[in-house]
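Pasting a structure here, questions to come.
Going by the order they are written in, the chains are A, B, C and D; count residues from 1 in each one.
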Amino acid sequence: MDINLNADLGESFGAWRMGDDAALLGIVGSANVACGFHAGDPLVMAETLRLAREAGVSIGAHPAFADLQGFGRRVVQLSKRELQAVVTYQVGALMGMAQAQGLRVTHVKPHGAMNNMACEDAAMAATIAAAVKAIDAQLILLAPALSQLASAARTAGLRVADEVFADRAYTDDGNLMPRSQPGAVLESSQACLEHVLRMVERGGIVCASGAFIPCSFHSICVHGDSAHAVATAAVVRDGLLAAGHRLRSLPELV
Amino acid sequence: MDINLNADLGESFGAWRMGDDAALLGIVGSANVACGFHAGDPLVMAETLRLAREAGVSIGAHPAFADLQGFGRRVVQLSKRELQAVVTYQVGALMGMAQAQGLRVTHVKPHGAMNNMACEDAAMAATIAAAVKAIDAQLILLAPALSQLASAARTAGLRVADEVFADRAYTDDGNLMPRSQPGAVLESSQACLEHVLRMVERGGIVCASGAFIPCSFHSICVHGDSAHAVATAAVVRDGLLAAGHRLRSLPELV
Amino acid sequence: MDINLNADLGESFGAWRMGDDAALLGIVGSANVACGFHAGDPLVMAETLRLAREAGVSIGAHPAFADLQGFGRRVVQLSKRELQAVVTYQVGALMGMAQAQGLRVTHVKPHGAMNNMACEDAAMAATIAAAVKAIDAQLILLAPALSQLASAARTAGLRVADEVFADRAYTDDGNLMPRSQPGAVLESSQACLEHVLRMVERGGIVCASGAFIPCSFHSICVHGDSAHAVATAAVVRDGLLAAGHRLRSLPELV
Amino acid sequence: MDINLNADLGESFGAWRMGDDAALLGIVGSANVACGFHAGDPLVMAETLRLAREAGVSIGAHPAFADLQGFGRRVVQLSKRELQAVVTYQVGALMGMAQAQGLRVTHVKPHGAMNNMACEDAAMAATIAAAVKAIDAQLILLAPALSQLASAARTAGLRVADEVFADRAYTDDGNLMPRSQPGAVLESSQACLEHVLRMVERGGIVCASGAFIPCSFHSICVHGDSAHAVATAAVVRDGLLAAGHRLRSLPELV
């Protein structure tokens, strides 16, 4: 099976470092690049794009609420027009920076609270999908499988990449188990790999209860915010390759 | 003679209003749109673009230092790489927002302290010109006539629109007289119009001393931050038309 | 009856002006001064304090969510610890600036969404009350009559000033009628004055339906964001004085 | 000899960590706490104050230019009134947060570019000294020995703590050697300790050339931005104690 690995990158800001972008870029096929609203200043963005180009990794915009202190994880209520404008602004900013390096932004994945809220709120999902389509109808929207966001993007006629998470347990309705519950985050690299392989091989989401929800997906989200996370990403990559799967960038897949 | 009028627009922010954009858009041929760093949030930008489209006015990016409280008028020292990144980011953001409305950004004019510093600092001017060229080599750089910025843009191979100011007196070396000096700002609409007509008819900058510096220019900068300023802009426009000149957008001229 | 008029002031930011602070300071007895998170930069705060001192008006801190673009009107979810910290930070900042001018901050009134949310959310109200008490147990909390915020402040042992609004209609449960409903905002100065006099004379909230909720209150909130608003504030002040009431600052009353 | 060790702390922001505050607080006698303009959000400030209280370390405000992305290291030109206001605001904010924990801010040390500029610019130094004095005349100003800032603070009648740097070489005029020059930063812990002991024992600044400038000083600045830096701070502390010196907090010394 052809599959994509994606990760959030470029989450440093000013003097503050976060994540090991160079290491992750050797593992994933697609990078979601912070656009300055929750992380990533223009200099960090330029450097992340440069590294992504060297690694041959496809580039996505990772827009968020304007919430630097909360890292875009705080719930913020925006009007439809504001939401559309902040998404467009951030995607445009990254597109411009990519263009200046001869690169193209090929996908969009909302970040943090914006993503979580849009996964459950159909109106918000539709607004984001419309914003992405208006700026470039060729953009792929990378969204959690079975989410309102994925659904809205399809309805809007966008190309959609559905994603599942390597290190998160699922409830029986296909949602991520809240982090507050025990077992919500898979701790060991081996557990993550097994979770991924089960989902890839069965063709759907394997829930924590053992329940199975058949669904297609194209991409697996891995993290890079700790040495452990990078090691897990590498284990998942190696395990997928060893099982005979092929790793692709998003534009090659969708 | 074919000539352009340009003005800074979209300088509101959040709940705060500044300038009478609707009135100015009925007067000028080209708008310099704030990009969120000194003024203009994504919602203001979207609305400014909408109004500019309705008015048939060409659109430029008006990037600035990240200095909302100082309105981009504070001297800030950035490294070359940072300057390049913040210009690219802002131009890209406006391009994206324009694209989402089916519009094109056709020029760039730095704002405030960034503009003033680049007019005198050849290295900084070259960095800005390079940033603009990298993002889109077809962009016009709108720069004060005789400035280092205009010169650097020409050296970089960019199209350049030279501008003069309707309401500012010039020193004998072709620089703007500092605002701290008496007579630096022409107060009456009639004085502004006469100043403009003299420069247009003689083909160069008429200094406060009466000295004359021959130079070509394409555009006249007018302001809209007060009712008086808008009235002056209208007087200048009407006077130019009455004298038989034709008003153009920047892409029609350069 | 002794009564207080309060208004939000110091809501300019950088180059942007809002409200006619000088005019309002001639009318009200107490000013709620923006602290930099939704409006009011350090320079604006210093100037507002200077004007308040000249006018002999008592000073309150007007803390808000960190949301400059949304003017503090956006719903933002903060943890208890974050909410406590942002309130303390803003009250402290204004206290320091007041101290530098030989003044004292004597009350606190949360702004916008923070205030609205705390009026209905008892836990949030308790957090704000605890933050205010920890920084200075002598501070008065200015809160809408009958709100969770007023109640939490009393439970915490703070002095509380209950307020009603001159220009807003009330529902039968004592809440402000949502602005989306017709009649939610009283348009004419005369209607505002009559509303205020009815509430002062009957000693409680007169609802839009005519229902009456007896409750004590100490302060009437007036606005200054337009020439009309300032005129209304003056009409309310003059009407109260003409009816024999005495206008006081909050520390004189509570 | 009684001497103080000081360090910059609380320089994390939101999701981003910087420095090992807990380790440094076990070494130094006084902490310069970031106030939110270059680093340190309200939550970080609250936590830093809590740790400082547990460690029995005296607390100073570390105000900076509003420059989060540049970490307060960018040259920014502010008017005298603005500079005064931003210093007062930040000192007040920390004072309020300290007060809420039953603590007192006892010193102020400007950060980064603000500090560097004020060390050479007498007018700027006088403005900062006046701002500090106005907010609390008992505050100690912690300033580099021989600087304009130390001089202005003495002229203003403030208590002054002069500092030298453990890990920086000095030019013959008593200034820090620019970081761009080889040898500007002492790399080994042992070299730092020897540098410190020489200065403490001779009672003045020992320059890189071997020249000696007699001057009193009260405090030695150490850093904590890397594991190496923390180790160096510990070596300096242990060496001073072994040589029979006593370590004090700033209020115990000045």
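Here, a residue touches a chain if its C-beta (ideal position, glycine included) is under 8 Å from a C-beta of that chain, and two chains touch if they have at least 3 such contacts.
Because the structure is predicted, anything quoted here is derived from the model rather than measured.
By the document's definition of touch, common neighbours of chain C and chain D comprise A, B. Considering every other chain in turn, the ones in contact with both chain A and chain D prove to be B, C.
If each chain is reduced to the centroid of its CA atoms, chain B and chain D end up 43 Å from each other. In whole angstrom, the spacing between the mean C-alpha positions of chain A and chain B is 39.
Across the assembly, chain B contributes 41, 69 as residues in contact with two or more other chains.
Residues of chain D that touch chain A in their complex: 12-18, 39, 41, 68-71.
Residue ranges of chain A in contact with chain C, taken from their complex: 66-67, 69, 74-78. Residues of chain D touching chain C in their complex: 36, 41-43, 45-46, 81-82, 84-86, 88-97, 99-101, 131, 134-136.
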